[in-house]
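As written, the chain order gives the labels A, B and C, with residue 1 at the start of each chain.
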Amino acid sequence: MSEIIAAIDEAAAQQLFDTEVAGLGPQSTSGSSSLGPFSVSYAVSGTLSNGTVDLIAPATIEIADLRLDWHVDLTFQLDIGDFIPDIHIPQVCIHIPCVGTVCTPSIDIVWPTVTVPVSFGDYLLTTVDLGVALSLVAGVWKVEGIVQGVPSLQFGASTAALLAAIGLAVSAAVAWVPLIGPFLAVLVGAVVAAIGVAGLTGLLGPIITPFVSGTRFPITEIPALFEVLPASGPFDPAVFVTVDSLGAEVQNNPPEDELVVLADIHP
Amino acid sequence: MSLTETSEVFVAVEESALNDLITAVCGTRPHLLNYGSPAFVPGSSVSATQMAPIPFPGSPGLQWSVRLTTPVLDLFKQDQTLPPELSLGAGQFSLSTKVRLCVDCASRGRNEPPGEDPKGHDHQGHDHQGHDHPGEDQQWPDDRDDWGKARNPMCCTLDVFAVGHLVSTWAGGQRAVGFALDAVEIVDIEPNALESVIECLLTMVLRSVLATLSLPVTALELGAFTLTPTVGPLIDVNRVLARGDF
Amino acid sequence: MRSTAMTENLDSRALRNTDCYGQRFMKPGTYAYALAPAGAAGAGGEFPYVVEVVERAGKRERDMQQTIVRVRFVKERHGECCDERYADPGRFVPDQERVTVEAGDMVLWNSPDAATRPFVVDGQKEFLGSSALTNECGYTHVFRTPGEHEYVDANGSGLRGIVRVADPAPRNAEELRAWQARLGEGALVMINDARPEPAEVEVVLGQTVFFAVVNGPGVTITDAALVAGGATVTGAA
């Protein structure tokens, strides 16, 4: 039997989680990946919030409706010629009075490659299971809730909105390209179709999922050399006890589910 | 039955952990258990607390010391044997310790047998009831130059038992649990009047000592969760528990 | 859509693949010229290339003949010619360094390569050069951005005209094909003494306008937005 037992109910666990998730702050990362047929470089950030705590014995903390606000900045190179044929302007001849007929050579207009920047943000809700993990690192006992497995994030309406944003971004990026006007709609449609929902989820899933999977939510930290009393004078040095062992678990103690920390100490 | 019941946070400290905490405090700050006048305690330190001699007309003051061993607490229900005069009720703790009382018997001749070693080494021929030397009327010398050098220490060790209850208090600006005495019993002192006097004396001593011993609530739960007690800390069965808000 | 001068690049002083400069040679002779980067006309360098104009064979009447000189930019690295940090080592070269035409015929310079840098034809004789269109010459330009394009003479003759470029905005493949079929049609602007006729011309996106200079003080056809004090280009569908 453990010498010290500290327990909180779900309401307190909810407060604890709310505090900890707020303390996580925004996370960000960058890299390169694929967006349909394109290679993209990306910078993505995500912030977790909300979530409803459900303690499930013996060692699971379920967080339902965990909200992830995410924002991604994408940049990819679009070779317009990959989507619409180059333009061939045929020889043009015109008769100049008193001179004769003058003809221009035929001209091939080769489409350029343009850089398309896309900036987009949205949020999603997911449910994750946290496993209660214990560690002793650098003299500190840590009790954490760690997201188990890789949650399947549902981007839902985000994909349609992001595809629309990509379409707008392509339109803006190629606006300067001479002669693109008549082909703009075709080009945007072709690019969006080439990326598709599969392309977006193929990109977003791997780069945004890490903001949730593997996330560690601190539950509590206890120094292995715990200060019982602080120093309070020349004859009153700080008083410590040694925390020999620590445990953490979820107990079903009807009618409550409780998050319990167990400890043994010695002077 | 849930641990937290209608509260959000629950903390329970077993009897052994409570004694570990008290041992840590007393071991780190032994001066909380060791008091004496200059002949026994040359200066206040982590080890001991210097106090004034007991003034008495015609003398520079009676030199004395009181030293307690780390008290051992037994929380209800009773596990430790107590003198029949004491009983451990619900919500109470019992306390056992040894108290060593010393005086510097300045008028004793050098050739007379020494009393009990104030450092704790018992000497043959002296019981715990101490010594009495009637008829000594020699003027006591002023020995302030010899602080820390009790000339003729005479000591006795008493087994002391007590019962008490927990009180809520504050320590260093934090909510804390303190210890209050309800009754004290010393074993086998006669006559009874003397026992009563000694018990009264030690009750006052113990009460003063325990007043300096308090444990922050955060220490009870090792800071695992923030607890604002609304119930307790109180003595349950062989443990101290508290419940409150997060 | 709003067009901009930056994308249209209407300027006879900076020939690109969508531009041609043509000069009709009326008298026999040897006419040396250089191909220089835009902005470098009249720099006083060498004139390594030649148009040899010979007497017309026989006295019989015949239509004007046209010779096209293709210009490319060739990157070079030789000696200590250039500091690559500050200049593009290389030069403009014609596909034929010497062309021979009969008097009355026309030579047309054009770069087939969109990557070729803007260039000018800079003749040793004053009448020959795309930076100062003098007589019996012309400049063609494929308009690639819709809107109203005002052009002026950057040399200050007061020449001023407008080309309105309509966006075909094809809604289906058939309309797209119809638009592409019109790309083979051109519009003509005759310029005499710095006066364009017509002063305003309408074309559709991708069509070519021929600016034929009969005679004049040596003008340029330059987007007004590129000239200090020139008018801005406004967008129009």
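By our rule, contacts are C-beta pairs under 8 Å (C-beta built on N, C-alpha and C of every residue); 3 or more make two chains touch, one makes a residue touch a chain.
Here the structure is a predicted model, which is why all the values come from computation and not from measurement.
*Asks:* Among all other chains, pick the one whose mean CA position is farthest from the mean CA position of chain B.
*Replies:* C
*Asks:* Between chain pairs A-B and A-C, which one is joined by a greater number of C-beta pairs in contact?
*Replies:* Greater number of contacting C-beta pairs: A-B.
*Asks:* Could you please state the distance in Å, as a whole number, between where the Cα atoms of chain B are centred and where those of chain C are centred?
*Replies:* Distance between chain centres: 109 Å.
*Asks:* Using the average of all C-alpha atoms in each chain as its centre, how far is it in Å between chain A and chain B?
*Replies:* 60
*Asks:* State, to the nearest whole Å, the distance from the C-alpha centre of chain A to the C-alpha centre of chain C.
*Replies:* A distance of 53 Å separates the two centres.
*Asks:* Could you tell me which residues belong to chain B and also touch two or more other chains?
*Replies:* Nothing qualifies.
*Asks:* For chain C, which residues count as touching chain A in their complex?
*Replies:* 1, 4, 6-8, 17-18, 20, 22, 24, 63-64, 66, 68, 70, 106, 108, 110, 112, 114, 136, 138, 140, 142, 144-146, 167-170, 176, 179-180, 183-188, 190, 205-208, 210, 212
*Asks:* Write out the stretch or stretches of chain A touching chain B in their complex.
*Replies:* 1-9, 11-12, 15-16, 143, 220, 222, 226, 228-230, 232, 235-241, 243, 251, 253-256, 258, 260-261, 263-267
*Asks:* Please name which positions on chain A make contact with chain C in the complex.
*Replies:* 87, 89-94, 96-97, 99-105, 107-110, 175-179, 181-182
*Asks:* Within the complex, which stretch of chain B touches chain A?
*Replies:* 1-4, 7-14, 16-17, 20-21, 23-25, 27-29, 31, 44-46, 49, 171-172, 215-216, 219-225, 227, 246
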